[in-house]
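Same chain, two partners: chain A is paired with chain B first, then with chain C.
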Partner chain A sequence: MILQILELIVIAYVVGFIYFGTYRNITARIQGRYGPTIYQSFFDSIKLFSKKSSASFGWMFYLGPIIMATGAVMTLMFIPLFNDSDFLRSVTVQGNLFLLLYLMVLGPLGNALAVGTGGNPFGVMGVTRGLSRLFGLELPFYIAIVGLIIASNSADIVHIMDLQKINGLNIWNHPFLFIAAMISMVGFFGESPFDIPGAPQEVYSGPRTEFSGKFLALLMSQGSLFAFAKLVLVTDLFLGGADSLGMLLLKTFAIFITLIFIGIVYGRYKVSQAVDFLMKIPTLIGLIGLVRIIWFG
Partner chain B sequence: MNPIFLLLNLLPILFLYQLGGDFHMSVPLSQEFTLSLVQTHIGTFFAYLSLGSFLLVTIAQKTKHLSWSYYVLQFVLSIAMFVIVFAGDFITFFIGWEVMTWSSYFLISKSLNADMKSLQKYILFSLGSAFFLIAGMVITYAFTNTFDFATIASTFQFIPFSIKVTLVVLFSLSFFIKAGVIGLHYWVVDTYSKAPDLFSAILSAVMSKMGIYGLFLIYGNIVGFYELKEMFGSVLHGSSFGYVLAWIGVITSIIATFKAITQDEVKRLLAYSSIAQLGYIVAVIGLGTSFGVAGALYHTVIHTIIKLLLFINVAAIVAQSGKNKFSELGGLIYKTPLSFVMLLIGIISLAGMPPLGGFASKFMMYNALIDTKFALVLVAMLFSGAASFLYCYKLVYGIYLGHPNSKNLEKQKEVPLTYLIPQIILALALIGLGAFPGAFVTVINPILKELLLAPIPYSGLGVMQSVVGNFNGFFVISAFVIIFLVILLLMFRIKSKAKNNLNRFDISYCGEVPDKNTSLHYGYGMGSELHRIKFVNAILKRSTSNFYESLAQQTKKASQLTSRMYYGNIHNTAIIILLFFSALYFIGVNS
Partner chain C sequence: MEIGFHGHEFDKAERNTQTLIEKTINWFRSKSIFVVAYGTGCGAIEMPPTFTSRYDAERGGVVGVATPRQADVIIVSGYLAYKTLRRVIRTYEQMQSPKYVIGLGSCAINGGMYWDSYNTIKKLDDYIPVDMLVNGCMPRPEALLEGFAKLQERIRNGEQGGWEKYEKNLEFYKKNQKKVLGENIDPSYEADWYMLKQGATL
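Let's look at the complex of A and B:
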């Protein structure tokens, strides 16, 4: 089991960084630049681990990023990577979708605590913006998740994946839920209309302001693990999971590229605009899907 | 800590333990009425909950600040609750309810902050609650000829339908006031914030639960969940009564959550949070399914533990620093580290995050809603949970993180041990329930049996089972600890020097240099941006106070009108009295 967890972390780490490298490349090309190499984020994180941290603010500041990384690894563990495989099956059966929903916010809590300890008002402002955005962002996402749970009568992710083999993929069965979840995902990835917490021009990089050296490296690494986890989650829930690593990469990359193309073309919303938008259009789309499930089977 | 009263508070617990499982006492009052105490499983559950809370709060109380009368009143209050939860008939119940009302009223009035307005609010709403209760009691008596719970329960189904509905509504309103359901919560926030700091813990953790006990008594014991479902018909896979109640509860929790975020005073935030959490319980209590009842009971316990922990924590900080606002506190983390850890455990549970106890109860409630297919209610509940992260963070940041907002906070020391002991016990309980969520199922199942519901599946201490999936609390917490330690160890191995930076101005500040006058604490502003979000602002700017203020104005005018009839002229008064009695006489003769 431990070996498999390590394997999982390595896969997620590498894939996550390569995806982010691709993202930086694509953004650069759209903006008419050459951009860094695909491996640049990877190099950055290795380099940062060996750099001196410019400031530390006591033990809570130290533990915060570690809690965040723990949250990311835990999230990753409870999401089944492949369908029909024994890969970490003994771990995934211990949890369910509700557990996962709450595990996903455990990491941000650790981060928020560290940022608060750092005492930088910009950091805390970023966290507050993130939390305010969160309840806009979670609403369509919860609708999608609840819809799927009701439709499959199970909160077990493996079961939801298995059902898709019989009934067809959820993306076709419940397209409204998929759209609602995807709009939320744009925000969860910190993509453009909803990149409110860490907006550099407004709150000076927000939550990350005070972090440097190995803390920043840890934050970057957990970010890529977490991103991969979220992509796999969407794949599992809506695209029926994957049988092999190649298929998994294909599906997750398809979702990723959709998300970044949405992100690149939009400007940033204000907090109030973002929450207002999220509470209107994606919520409405999600509700249509949900009502369809409750009243029309 | 007053050792005499600690022992005194221990007595009812020992008494209860000594009695074993089953006791029955009755005192005949007249030929028709008897006062009786009957032990039930659910009563025992609430009794241990309230008596235990009183014990823990007594540990934290400092002797020199409090008079003997305070302790005596508090003891009377705890006995009143004992009477309430074991009452076997309405008269005993009502006596307990009234003793609870006046003893708590005097306790609140002993606070230095208590003002006339909040006290009046408290007593008026308590009276309102009592009036609804007594109206229900009298109507029940008129149709069943008894006050005894068991007899009423067996004959309840023969009461005409419209009367049944009236009774359910009257009793619900009475207990909704105690639980602080939105619209009837007007007294809650002022009372909690003005009460003595440690008594707020009792108010929020225990006294609000008496409202929940009352709901269980009415829905479960007297009407019966089955009858409740039959009476009102069903919607989706649950009862329509449960559906209405679920929406009432969830709307309560959403509104209270947003209100909580914008508060500046610490205890007001906790009061709103208390309303919100009780909203969850109200939301699942009426479902009438095993999971609904189990979720409500589970959350009752978790909420009691959390609110005791948080209120004691805050009381300690307020006693130590003399500040009770977020805009005056801050930066206490390295001055009172143990308190900080306790509060952290409290808010993680309050937010319902997995490794600790708070998740299990939420999981149970979500399952109950999935079971009955109340999907929209579930979404609303999850949403309210997500919004609650913000006030949880405000609580921990505003008090402990960031920079101190007042000068005297610089010399703050760790809070006294008497405050910490109960907090440590409560925090351990939360960790224990996080690791062994199934442990509580063994307590709930006998209660479910008593309420004629199917037991919920149980397989081991660490596992919580449900209709849609299981989770293993023990696995989750051990995995969390192991991974956390591994990453900690790895990070520790990576040598990178960092200067330990505790000077408040030594931060990156957009290339500028902050000075003495630069405000660096964001606790005050947190939540103010919510006003710009249309939906949230629509909630925040509404308030029930206008309604109650205008009601008070109208009542005042009406009473002025009445008083005009009375004084001034004694002849008029005599004539009015005469007319009144003759009217009564004619009505009596004609009927």
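Let's look at the complex of A and C:
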């Protein structure tokens, strides 16, 4: 099982970084540039890991990125990758959706603790913005997940995946929930218009301001692991999971590219605007979906 | 090794003594360069086109970052007043090694048109170790891009960087800095750390 977990981490690391490289390349093409190669994020990560020095501000500063990475790896471990296959299923057990929701907020918590130790005002400002935004992001996402749990009568991801084979994909059965979850996802990926916490022009990359060298490398790596985990989660819940690695990559990439296209064309919301929007539009869409499930089954 | 004439003299000996692991790591280092662009003079005008769509430095892995903590390269673009020098030194010392300095334009080389000014420094290399000087008044973005390419080549070859010179000859640089800034150079984080490492007392 340990071997499987390691395999899972390696796959998520590679796929996550290639996705982010593609993201940078596509952004460049849209801006009329040639752009970096799709492997650029690897180069950045390895360079940062091999830095000779990294500024530290005490033991909590060390622990923060580790807590974040733990959150990402554990989230990844509790998400099944494939339908009907024990391959890479790692520690997935019954009733795991609640656990996942809990694990997904572990990262921001670790981040806040580490940034607080760093004491940089820009970092603290970024974290404050990030946590306020998180409040807005989670509401529609949780509504979508609660809707799915009610509709499937189960909080087990494997069961939800199996049900979709009989009843058809959740993206068609519950489109409102899907839209609400996707709008949240745009924010979870730090895309415009919800990218306020790390805005380089205002808060000097926000929570990451004081992170250098191996700390930043760890943050980047956990970011790519976590991104992959979230993409797989949406694929499992709404697109019926995947039967093979190729299918999984295709589906996750489809979601990813949708998210980045949304992100590229929008400007940046202020925190108040972002939370305002998230509390109104996606929450309302999610609630419509919820009501539809409860009343019409 | 001498403390160089404008940072051009470097130990070429290390070029052939790289192990395979060092070679690989240096290759990755050369492929990813995070830049903190310190706009002091007219050079600040030439940097945005270098990083945006027209010249697109990101092709070579050269990206701007917002904070010195994450940066590998600082571009000092133009003349430096004494007051600004203080901030540049502080920014430089907040960067994590391996770190490099690019001096942009003739002001960074010999004072340029400010050669007889009472409050600007004439030779940047006396105060922080410059790895690459890009000549011109002002240099075009193409020249800056070529500077980056040459710097990447040097990193790939494993040649000694200015940051090593700074560690080894800290007294020399601090003496020069104190000459123009006075005895109280405000926080010199990394420099203090190096002194501790060398066994000196603070």
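Going forward, the second predicted complex is superposed on the first by the 290 of 297 C-alpha atoms of A that agree within 3 Å, B and C clash if a C-alpha of one lies under 4 Å from a C-alpha of the other, contacts with A are read in each partner's own complex, and residues count from 1 in each chain.
As a convention for this text, a contact is a pair of C-beta atoms (placed from the backbone, for glycine too) under 8 Å apart; a residue touches a chain by one contact, two chains touch by 3 or more.
Because the structure is a prediction, the values reported are computed rather than measured.
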Of chain B and chain C, the partner touching more residues of chain A is B
Examine A:E210 and indicate which partner it touches, taking first as chain B and second as chain C; both and neither are also allowed.
both
Exercise for the section: Give one of first, second, both or neither to describe whether A:A181 is in contact with chain B, with chain C, with both, or with none. Expected result: neither
- Message: Just checking: does A:L113 make contact with chain B only, chain C only, both, or neither of them? Give me first, second, both or neither.
- Response: first
Q. Touching A:Q31, do we find chain B (first), chain C (second), both, or neither?
A. second
Worksheet item: Who does A:I293 touch here: chain B (first), chain C (second), both, or neither?
Response: first
| request: May I ask you to decide whether A:L233 touches chain B, chain C, both, or neither, giving the answer as first, second, both or neither? | output: neither
**Prompt:** Is A:I260 in contact with chain B, with chain C, with both, or with neither (first, second, both, neither)?
**Reply:** neither
Message: Looking at A:S54, would you say it contacts chain B, chain C, both, or neither? Reply first, second, both or neither.
response: both
Chain A residues where the chain B and chain C footprints coincide 50-55, 204, 209-210, 213
In the complex, the residues of chain B that touch chain A are 236, 331, 333-334, 340, 344, 348, 351-355, 359, 362-363, 366, 370, 373, 375-376, 378-379, 382-383, 386-387, 389-390, 393, 396-397, 400-403, 466, 468-472, 475-476, 479-480, 483-484, 487-488, 491, 494, 496-502, 504, 506-510, 519-522, 525-527, 529-530, 532-536
Residue positions on chain C within touch of chain A in the complex are 25, 28-29, 31-32, 34, 52-53, 56, 58-59, 61, 65-67, 69-70, 72, 94, 96-98, 189-190
In the complex, the residues of chain A that touch chain C are 24, 28, 31-36, 40, 42-44, 46-47, 50-55, 200-201, 204-205, 208-213, 216
Chain A residues touching chain B in their complex are 49-58, 60, 62-63, 66-67, 69-70, 73-74, 77, 91, 93-99, 101-103, 105-106, 109, 112-113, 116-122, 124-125, 127-129, 131-132, 134-136, 138-139, 142-143, 146-147, 149-150, 153-156, 159, 204, 209-210, 213-214, 218, 270-272, 275-276, 279, 287, 290, 293-294
